[in-house]
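Both complexes below contain subunit A, partnered by subunit B and then by subunit C.
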Partner chain A sequence: MSAINNTKSFHLISSQKISFTFDGKKYTGFKGDTVASALLRNNIKLIGRSFKYHRPRGIYTCGIEEPNALIQILSEHSEPNTRATVKRIYEGMVIVSQNRWPSLKMDIGSINNLLSPIFSAGFYYKTFMGPKGFWKKVYEPIIRRTAGLGKPPKDFRSKSVHHYHNVDIVIVGGGLNGLIAAKKLINTDYDVLLIEQDSFLGGVLNNSKKIKDIDGQENVEWLKNTEDLIRKSKNIKILKDTLVTTYNFKDHLIAIEDKAVESAPTSYKSELALHKIRTKHTILANGHIERFISFRNNDLPGVMLASSFEKYIHRYGVVPDSNPIIFTNNSSTFSLLKSLVDLGCKPLAYIDYRNNSSIEKNILDFLKNNNIQTYTSSEIEGCDGTNILKEVSIRDDKKNIIKIKTSMLCVSGGINPDVHLFTQSKGLIKWDSKYLTFKPDKPFQNTITLGSASGNFNYQSLNEEVNDKLSFLKGAKEIKIKLNLNTADDLNIREIWETKHEKETLWSKSFIDLQNDVTTKDLSQAVSEGFDRIEHLKRFTTNSMGTDQGKISSINSLGIVSKILNKNISDVGTTIYRPPYSPLSFSAIAGRNTYEFYDPKRKTAIHSWHIKNNAVFEDVGQWKRPWYFKLNQSETMHQAVQRESRQLRETAGILDGSTLGKIEVKGKDALEFMNLMYTNAFTKMKPMTSRYVLMLGEDGMVKDDGIVSKINDQHFIATTTTGGAPKVLGDMEEYAQTEWPHLKVYMNSITEQFSTFNISGPKSRAIMRKVFSEVDFSNEKFPFMTFNTFNYLDTKVRIMRASFTGELGYEIYVPPKYALELWEKIFRNGKNLGLIPYGTETMHLLRAEKGYVVVGQDTDGTVTPVDLNLNWMIGKKKKDFIGKRSLSRSDTSKKNRKQLVGIIPIDKNKNIEEGQHIVEIKSLPSNIKEPIEYLGHITSSYHSPALKHCIAMALVKGGNQLMGKKIFVSKSNSSETVESEIVNPVFLDPNNRRLLS
Partner chain B sequence: MKEIFSIRGLDIFQKNFQQVVLRSKGGDKFNEIVNKETSLLPPSSNLAITNNENFLFAKQSFDQWNLFYLKEKKHEEVLKFISTVNSDEEILASDYSYGQVYFEISGEKRNYYLNKLTHFDLREKKFPVFTMAQTLIAKIDCSVYNLKDKYLITCNSSFEEYFRERLLDSVNV
Partner chain C sequence: MFLINCPYCGERDQSEFSNGGEAHVKRPENPDSISDKEWAEYVFVRSNPKGIFYERWVHSHGCRKWFNAVRNTSTDEILKIYKLDEKPPSLDEFKHTLQTPSGEPELGSGNFTVKK
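Moving on to the complex of A and B:
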């Protein structure tokens, strides 16, 4: 028997033909078809091979719950594991089947099926233990090669976007209940978001003939009118092709929208949108999922859930098989029976597990009137076929086995409310013994469930449920919908989870989890091995751990386990449904926060000048700072840094220091506040002078440094490190507001309000005189660590005499609007005096020559000012400052703490690497077996162009007492060491002659 | 004023303003000092905005106000005002004139586009007209001013290029 088109389906009206290829062969479907519906239309039922046993697999469902029909789409960056039941076809789509070699029909991997006795439950936990060394060389490579279904996708640049929503009500599901809830909220004061995973609203109205008409209107007409009403309402927005995957605390939903439905991804348009939704109330009207029944070979292509078969008929206009067999334990298949008969497709047989007295009379009459072979109190024993279903075996009420040849079997084992999102929200579910399923009980958040999602399978009570559950919403209209039904009165289900096998061959298997190839036998084995808790059993067997999360089978496994344990299902409990409901691609999660937008970039006001002048940038926090400037393309970093350093010490250099943090502090108690924040004493500091400062944590460790300029006792300006600026300001605010609220002081970040240029070198004074001709830069008028403000154009600049290079230097603070103009002016005036720009690497080298520390490089959060020999920066007479008490603890005041020292190699041709260990033995063993005592580590190391050899700074135990001692520094690439000497860390100009010149 | 982007339902312009950030506990003296310069009384409710044709004044927190010069003045005049305010030891006035960038976003689709970049609830019932907020937009700290038919968004000028590119990107994807 073969598939036929249902020309009555709305899907086939004016539909356009689409060509695509599957495993290299060209097929034709209709616009709007999923891959599954298109393949079924072409009588293709074998879609892929299973995960473990490589068994032939087909299309089991018609939606997101699909465990089997996973495909790889070559025309979409080779996207693997795509659900054929959801993915729509488009012209030129290229699809291949997965997990098979050399072909889908002839798969060598299917030998695993014969080896199945060794692949039983817990296989992964019991094997690969030995022999020693096999894991790395044998097992892991083999497992890596065979693991997974599809192949990893190719590299591609996604353009997925994020959308944020803030609404009052989210309705999940645009089916009948969702639409009625939305209709109730039309033109109310609530902002409503209606989310539907399909391209159409209507759910059951499109998927079946369960409802004949609504309010006297044809379903299609009612749907169109209702959607028009909702669209015209100003307060409701509809999102289609959007699946809610996650329900977080608090009332926060995440949904994924497919923006490239029925089209190939392009490089210019986003293909996915991740919607992040904050709401006050969530209405879950996301329906139900049909479950299967386990029987022998219940995985064969041709076995399909009954409601899915019906959905293909109506939603996609394809009857997958003109004469299927139906196997059920409930009355939900009645509408499928009617649909088939209406189309002139009489089922070959109808097998009902219930006895005659339990089946509604109208169903029995229908079967009889249409002369359909009916077996009641019967069940499917099993199926047979090689790559596709050929024959079913029926065990009738007298336990006789009857065989019927067929290519399609429709199965219904009952209906589960789709509780995934409800349980993600931490709502509690309870067992419903009437419908044999778990259904929502107590919500944890503001969650309302409607219709079958709430376990209400009776359409007649729809009005009452919606009006009752949404009665608290102000202005919501009373709903009265009249439904003319085409279904049985109730589900009327009889419990059956698994049927008994007659055949016992290696091929015969009764599956409980189709995606992970878990059999019902695996469940029994796991329980017998002691895994009788459902969460343990899940992990031991991998049951319901696939990407489908066992949507069609997890309740069945509970049913089977409850039978084995002889417990009620409610006592067995359920596993936890975790987000996401369906797999999310990483590109959707990342959104636009990738590549150029991975992290915000900060640029200074003269960034463009740096680019024009061949700056190579380094990232400092989010800032782009010039690292060094290339003189020409062939110049290396080392050459550039050596050149910049030499030139600065000979003439002058200028650094863009705009990224340094700047904080303005002012108030009646500003002096006291600054005395508390920093180690330094500011009381006797003269106005218009500056001071190098240290800020400690409460543990006494150096946290940040900078320069504080005192305008007067009530007004200070502090600079911070580039990376430390937000933290220092935050700490200042926190201390001012929480620890010292009595102090009247305010602070503002002014980092961005001033560009900062650091000019230094012997010629810097001459250059400054040319740029600011009215300013007296003499030593007498402008001594070291003083500052003043001067008029410049129609603004003011602040100039401070300070240096981080050890040379005569000035810092210029100018509003960014004037920065580029001033920077270029400085260069025009400095050109003949040998002025060059220099970058951060040169700055680091120059400061190291002078023995200045960089917080974060020479400190690591365990270093006190005393360790750095900066005792002079501690205001000894100050009553208090942050970290003061910690400095007198026994640990921080002990003599052999690591202290900052200088290191130079004995052989001046040798280099020392940063981060290396300092030891007392010359040669390190290649294989260290005994602990080797190490004295400390190198924090900074550079080749000094001034001294013409390597200089390094290090933190060494008791370093101050070890001056002149020979030590050895390890190397990163050999067991050799560099023989070195501990020296004073000030390598150049210890008497500050250059600095104070 | 520089046009960044304009399509049906959305207009993005980049503007330049001078700005002063004031820290104070408020009160009559503060009001008097500020009123003398701006002919405006600082808003007393948190996050509220007042304005006249020359100035826009917003209260950002319990002790912070942002003052925008809607008509550009010579920078030295702004600095003179700051100096005057700072002569009161209980007020801190800091010049923010050229350290911030300003984007004006108008059009009926402005919320739709901004909601690609921020989780902030821009609905009028949560973000009323003539109020301001500080929030993350495109992962950076911004202040948003709801000026009825448009938003004024400010951020640190170092983010200017990144922020402009993100705004454009949100329209294009």
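Moving on to the complex of A and C:
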């Protein structure tokens, strides 16, 4: 039979017509329809193809628990795996079905169904083991093409936002219980947030006719009045279209709000909001979820949960089928029976697994009075039909099979309290043998469960439960609600998880997980293969691992497994429910933290000049640093770096060093503190001088380097590496506060308070003289490693004589406000003297020619200052400094540690690659079977324009004793090696004539 | 994510803080006078209990101050916060508060969701 509209009683749908497209065809629904209700209204029941077997699938439920009806929305940057049962239609919406090729009705992948023996439990682990190479070349491409859900969405810019809340009470669920709880809290001193996943409040009041009237009012009227009361209260806020997905410690909830319900995405409005909520008490009134029963072909389109069918009638005003068959093991379907009869839609048959004597008399009377074909002590054996349900087979109380033609079957296997959030909060659940379900037992956090979420399925006692459980809240009023019920008195459920097949064919499958295509047979196979622990069984079979997390079926699988193992369900236990409750869009998690906001870019004051002068940038932490400057479009990086290096050693170059970390240390005990933090001795150092410094970890390994300038014993300025700045400041704070609180010392970052320029090269003094004409830059007045402060315009600059290139050089520190102007002034003055800008790559090359190390490139956290031949930097007479004791540990003081050496190729035309191994054999076997002993590895390698051949630095075992030794360096792309020689790492100007000139 | 009550700023989100490992591990005053083994104990060895743990935190995205906390590592419950110069509370003070999230044994792992 076909769908009809319920014109009698529904109120969530307006009469406004909406048209949308599904698989290229245009359909019409009403405003307020979900995709599913609109498709059902149009008699569309086939929605997609399943994950593994490509079996036809339809709409199984009416909400978030939907395992089957997943769609791809082309009109929303091709959003995949959207639940048709939740997503609302809007004018012009374009939807396609998923996982089918070439078309939904004729799908080639469904051949997988016939290959199903190889897709059974654990097939990922077993079938595709060999032969070698087959996984990558054969199996994976086939699986990728045929298995899976929707296609990835198109690239789009997230406009999602994050909201933060700090409240006293969160009520999760705006159904009847949530509303009673909220009513109780009206105008109390508590800040309350009432969160509802749907666009409307009321839950059961909208979903069914289980409640005739409430407080003597029509359901709709009561709802409207109650919502008004809550809205008018000063302390309760309602969030609709908002789903709580996560319950973290400590009473920290994450909820996602759909801000674009019933509308197409726009370029200016946010689609999703992620709410991060901190609360003191959490009231879980999030209801229950109906479960199914496994029988032959229980996945055919046309099979639907009974309560979902009921929801379509009352929420959306569509009866999905005018004459369905009902199959149940409990009394919750009584209200559906009544609703159908009310609308003149007589069910074709009513099949109840319970026996006559245990079914309530009013149900039996109703069936009899309305002349409905009734089978008690009976069950559905299976369903048949291609692409859609055509016929059901009933096994009656005498085990006879009776076939009835129908296009819809409504199933109820019982109801489960929705304990997902409760267990996320680490509350303990307990098996209820009366209702055959797990229900919340011991909360771990400040959690209260109400109504069916707490396992209370008796509407009459709800009022009392709420009053009772919330009585501890100050000022909460006693609530009296009068419900006029239209249901059976109790659930009265009889245990059944699956029914037996009459005959076995490849097409006959009884599913336990519809989304992941797991059958009941897979469960028994997994158990027989030894996966009898529920956590193992879940992973092996992939049961309840889909995006729906087995919401309608996970308890059923426990029931089936408990029968196989002959155990109680409570002993089988459940797997752990993990957040999120329902899939969370990455765009919501990302919020506005995308593209340029994902990771802020830090730019120096000279950035605009660098761009104008064709700098190519390198990322150093968050900083953008000029890597090299292109002279013209055709210049390569190698050419640019060689040119910059040559020019600097001939005339002068200037580097924007503003990104270097700068830390100011002040205080009465600053000197003692610096002596403890660094390896160097600062006591005898004269004021207004600087030192190259090393900082170690307590393990004796080099952590950072820089230059420390001493203004006086109470005032130091330290530079750090660009990336090391926060860590160095953090370490200083830690030691000052935790280990040496008696020292009076304070420190702060001044990295962004000063721009720094490094000017170096033989002509740098001449340029500095032109720029700062009043300063005496002579060797006598301004020797190496001294500094001073000078007036410049209406500010001050600090100039230090220091160099990292091995040439005469100066560092200028200037407030950023004046930086660009000064930089340009230097260029005006340096132009005729051959001044060029240079980048970090040239800096690295020039320092390598001098054998200076770069912390983090030539060191890796396993290198001591002794390994680097920097013994001269260790204040050996100091009683203590961080890492000192470790330098005399047996391991750090042994002879054969890796030490820093220079490496040059024997054939000067050959290159050495960074990161390569140093070995003693000329040719490496092409197929390495045995470990090959290696002496060390290359840490830095450059082509030196000064020496006109490759120079490299390396860490080599006992390297200091191996000067002149021939060794071989491996290559990345061949088993050949580069014959090389170990040399002193200072390649250029070992006597520092240039530096001190 | 839990809240931490910074003794200088008040309650703030955990994300503002950094954990600094075990508290009350005193740096030896005369490192040169102790053995390699004793020094290595200080540098490398820390305890990692399930249950009550005395640890250090720093309000890194706030006041930059270090302080101590007593935390139940199996529940993430912070039982006490005290300043660096305050005496550490005695272990007995927390014995009765010790619980595990799912009522599982105090030692060993195990995720139980079902109450027997």
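As a working rule, the second predicted complex is superposed on the first by the 791 of 997 C-alpha atoms of A that agree within 3 Å, B and C clash if a C-alpha of one lies under 4 Å from a C-alpha of the other, contacts with A are read in each partner's own complex, and residues count from 1 in each chain.
One rule holds in what follows: a contact is a pair of C-beta atoms (placed from the backbone, for glycine too) under 8 Å apart; a residue touches a chain by one contact, two chains touch by 3 or more.
Since the model is a prediction, treat every value here as computed from it, not as a measurement.
By the touch criterion defined above, A:507 lies against neither subunit B nor subunit C after alignment on the C-alpha atoms of chain A. In the superposed model, A:423 lies in contact with subunit C only, and not with subunit B. After overlaying the two complexes on the shared chain, residue contacts for A:777 are found with neither subunit B nor subunit C.
Of the two partner chains placed by the overlay, subunit B and subunit C both lie in contact with A:278.
Looking at the shared chain after the overlay, A:741 reaches subunit C, while subunit B stays out of its contact range. When the two structures are aligned on the shared chain, A:827 is found in touch with neither subunit B nor subunit C. Judged by the number of subunit A residues each one touches, B leads among subunit B and subunit C.
Once the two complexes are overlaid on the shared chain, A:886 sits against subunit C while remaining clear of subunit B. Once the two complexes are laid over each other on the shared chain, residue contacts for A:698 go to subunit C alone; subunit B is not touched. Looking at the shared chain after the overlay, A:156 reaches neither subunit B nor subunit C. Subunit A uses residues 278 to touch subunit B in one structure and subunit C in the other.
Touching subunit A in their complex are the following residues of subunit B: 21, 23-24, 63, 74-76, 79, 86, 89-92, 94-100, 115-116, 118-123, 126, 138-140, 156-163, 165-166, 169-170, 172-173.
The touching residues of subunit C, when paired with subunit A in their complex, are 1-3, 13, 20, 27-28, 30-32, 34, 36, 39-40, 42-44, 56, 58, 60, 64-66, 75-77, 84-85, 101-103, 111-116.
The part of subunit A that touches subunit B in the complex is made up of residues 159, 161-166, 191, 268-270, 276, 278, 592-593, 596-597, 599-605, 623, 664-668, 714-715, 744, 746-748, 750-754, 791, 794-796, 815-818. In the complex of the two chains, the subunit A residues touching subunit C come out as 248-250, 252, 278, 423, 426, 428-431, 438, 441-442, 444, 570, 573-577, 698-699, 730, 733-734, 737-739, 741, 879-880, 884-886, 889-890.
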